[in-house]
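Shared between the two complexes below is chain A, which pairs with chain B and chain C, respectively.
The block that comes next holds the complex of A and B.
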């Protein structure tokens, strides 16, 4: 650094350096892209501001109880709106969905990337992507008319065999419209995103690492668990959290297969009462008063913020878990 | 043990290799005696790395790979019926062109990774770590940082770590696929010294593009060549001194003197 000093001791005059575009075409391109980028950021901010303004009356009246209370009562004036059972229900569904989806997605990605012959891998990829393209309402209808009768059987079986575990116990005799069933539906909906992120991570893996594991006497299973999964873990967690973000916002499909109840259901996943912020908004919006709409907007804010938080965590984990990718 | 092959520790008999319909290697017959270093040289695409991978059954992991012939380890065909490829790879270790330590593991975990991957039981892990690192001449540089991530090491250190990782499996044969091509001259020299020390205890086969390296480290040399779309073959095989200084084939002479390739 000393060499930069001039003999007189004063620091040399710095030149202005620029990376701004100089060609006309570049300037236009730069203008359009930066406008689009800033606009999308502004849009997210504006949506949040709009929601907050509309939500303000309910938030102001309920205060923190909006988040932690468990009553929704429109028979009193002004009505009571507290969404904790719905918030917890959303979290429970997301957890169930992720728990069921992650093993499926990893197995699928492993099959596509490492085991299946090329034609089969291509078809499997296509089918998984197709699953992602299915509209939510179609999955909801399938869930209601096709899947629910099947899953009721599973649920009953779990109650009979593993009923001594608190989560599978269900003395009501009704096994439909439960978080268990809705969790499977969420899993079906987030398997594609987790699979495609995991597959991408697998395909970018240094093949020499896998070869090294094989050359050291690794079998298929030990290579997967000791080398492939740890190396890909950051990406898989990131993909899972992206899926979780989607799971939290899942609306119509859940609306078809889950009984919404403000009687909080902590872990009895096979009982016919659960919660989901998004589905609750859908179910109440049709006949809501102005003040109730304000409460639903506030629920929207909660959903929005929790999805944002999860996305931030996803980004953080993906960066932190793969220090060697720098 | 079969007496007729007892003099050669590792031996390839009429090895032919295909990728799909493409015949890439024809009739390779080579002997790799115990405690000798054999260099495989030849221009790019002549099939020498492919041949190396047939020696520990890594070749068959490539889809569409085909093979004929046999590879005998102490007289036993490693492609024989009932031979588990995993057992073959435990006896015949491999070091790759680019250093490839497992990025999620520490230095110590990398050394023990082969034992864990192959499901072998071991008790004295610390001893295995120290012995392996010492044999790869890297112990003194890493002994105080065994818990640090392997990728915190320099490229040359990573490659010696990979050698140590193979040595932890106590292989009888070590295959090296251009182990120094990604390294600086200093690291290259240290690995060559390690190869010399290791050859006292095992059979080593090394693929190299570096003529000087082949002359420095090897006892015998095989020159591979693939001409005009024909499959690669061994043009000349003999003591390193003969192949470099008194080549029989004109093409060998041209290659070792830098006239092509």
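The block that comes next holds the complex of A and C.
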């Protein structure tokens, strides 16, 4: 038929190509998968909706003071709930954690990808993956009984030698349960994620570029600072942001090693006054009144929205830095 | 007249690989001498070991390496020396921290390992009861039940999302992928609060195992979906085209060609997902009531899990309960290790295909 038609000069009717499934089986198949995908997305929305509904009374009553005020008083009616010290505490811990974790992660990724012989690199990769799988509560246990005594010593030493710097000053003489220690714990928790993103970027780098730098007479150090780091900067920034998101959400490990206080601690990292939204929620939710629950839910909304935004940006940056993933 | 060019003999080593005796001796000296010197100084002035390591050994080591680098390769050697020390110092730091966690858990947990601790539950056990009685058998079974139910729900969901991302040609794949990715950073306590506010405060349900299971779903889902997507993506496109070209509809192409090819990858995804949630504590603390007796019914009654058992014993703060917490930590760690090893052996050493070389 078709051949006859072409012979007689008339062209066959143009068909529109479509990617829509036509068979019943395909329709069911793609219907189910789309449903699961949209359901998972809806889950994110549902979390926000339910938290917001529950948080509304407190948010409405406190207004913007919820974020920028710093009193938490349950002796008055209705109680005053303002979380700035916890918010700042979370940010401080995340910054400390990132500050400590980024050099460790870059060094480890560089060692694994460019320096170490194959067997050592493989063992190191395994160790990092294992570190990522360690539950937060185990890290908390270790942090409380093994790390804190050691870190107290270092903290005291820093106070004695560098006490003239405002960061390490400590007039209380108590060095445990401080943001300094919690910052290290956060660093231990986020090193794996930053390392694995950085390592992935390093491993997919164009080797010709590195060889060219070496052929031009560059040493290891200049190759790293002039070629490798600038090329991989997108991935490293993305990985760091992912780490930052994890650090903000870290709950149980911090709960054991940090003393929560509603007295704002701007940067005295070695004093036993700190804050963390997630840990505060955990410590207060058990015996909270209805109205207090509302305030804690509002704190949860703050935590959720900030980590969601950070993770979204991080995901965007990491994806752009890994074009081969598409 | 033909001109004959004699090829030079190819050197055995490339010029930049050449190492002469002087270099080797100097570099070895620079790596060994500082540590000896530092040990000598630390012992002579009786400085504390850890402080000696940072305040004595590190400066001497940096000075020595930089000096040798400067002597051998001038500026380049100097920079490389600093880089070397930086890399090795920070990498060692990570390894030391991790080893410290593992060793302390194994050491203190091993003291707790006895048959009764694994097999008994904690009925009639207080925080001061002798360590020879009571255990975490109920917590292990509870974890199994709760995580088991989570897995049952999450795996079909996660695999479905992965299929949607790899097999369908829908336009909203990008946004779905980004949202799933940012979901992986969802703080675990927020996931617990979600179920707490949606089901428990509203009075729909008590704090039972089921609520705990539901609270773990948003945490497990992104891991399963992402690893599964990677696994499906590794199946060559030619296989799909061949199946479709032979006239198979998409769903049969997936079930009979792609799924068998990606089977190990999907098992890995499930295992990694389980490893992700087995140690989650915060959501379970908010959504599940503590129990001292064995309960396998997630639809009714309080139920205990391993991480919450650990958490509560740690909170009691007596010597015996802390010892129990270390024991529980060892059990959790052991489980994570087993799952992790399984995932490694099943998944093998899979790697994302290298990008094509730039033209």
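Assume the second predicted complex is superposed on the first by the 287 of 326 C-alpha atoms of A that agree within 3 Å, B and C clash if a C-alpha of one lies under 4 Å from a C-alpha of the other, contacts with A are read in each partner's own complex, and residues count from 1 in each chain.
Heads up, the rule we're going with is that a residue touches a chain if its C-beta (ideal position, glycine included) is under 8 Å from a C-beta of that chain, and two chains touch if they have at least 3 such contacts.
Treat the numbers as computed from the prediction; the structure is a model and nothing was measured.
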Chain C versus chain B on the shared chain A, clash or fit after superposition: clash
Touched partner set for A:50, first chain B, second chain C, both or neither: second
Partner, of chain C and chain B, that touches more residues belonging to chain A: C
Partner chain(s) touched by A:219 [first = chain B, second = chain C, both, neither]: both
Chain B versus chain C as contact partner of A:211, first or second or both or neither: first
Which superposed partner A:227 touches (first chain B, second chain C, both, neither): first
Touched partner set for A:149, first chain B, second chain C, both or neither: neither
Touching partner for A:166 - first (chain B), second (chain C), both, neither: neither
Overlap of the chain B and chain C footprints on chain A, listed as residue numbers: 206, 208, 217-219, 222, 323-324
List of chain A residues in touch with chain C within their complex: 19, 21, 23, 25-26, 28-30, 32-41, 43-44, 46-47, 50-51, 53-54, 103-104, 106-108, 110-111, 115, 124, 126-131, 133-142, 144-147, 150, 153-154, 157, 188, 191, 195, 204, 206, 208, 217-222, 224, 242, 245-246, 248-252, 256, 278, 281-282, 285, 293, 296-297, 300, 303-304, 307-308, 310-312, 314-316, 319, 323-325
Chain B-touching residues of chain A, taken from the complex the two chains share: 117, 206, 208-209, 211-219, 222-223, 226-227, 230-231, 233, 323-324
Parts of chain B lying in touch with chain A, wherever the complex brings them together: 56, 58, 61, 63, 86-87, 89-90, 93-94, 96, 98, 100, 102-105, 113-114, 116-120, 149, 151, 162, 165-166, 169
Touch list for chain C against partner chain A, complex: 50-51, 73, 76-77, 79-80, 82-84, 86-91, 93-95, 97-98, 100-101, 104-105, 108, 156-157, 159-161, 163-165, 167-170, 175-176, 178-191, 193-194, 196-198, 201, 217-218, 221, 225, 249-252, 254, 275-276, 278-282, 285-286, 307, 310-311, 314, 322, 325-326, 329, 332-333, 336-337, 340, 344, 352-355, 357-358
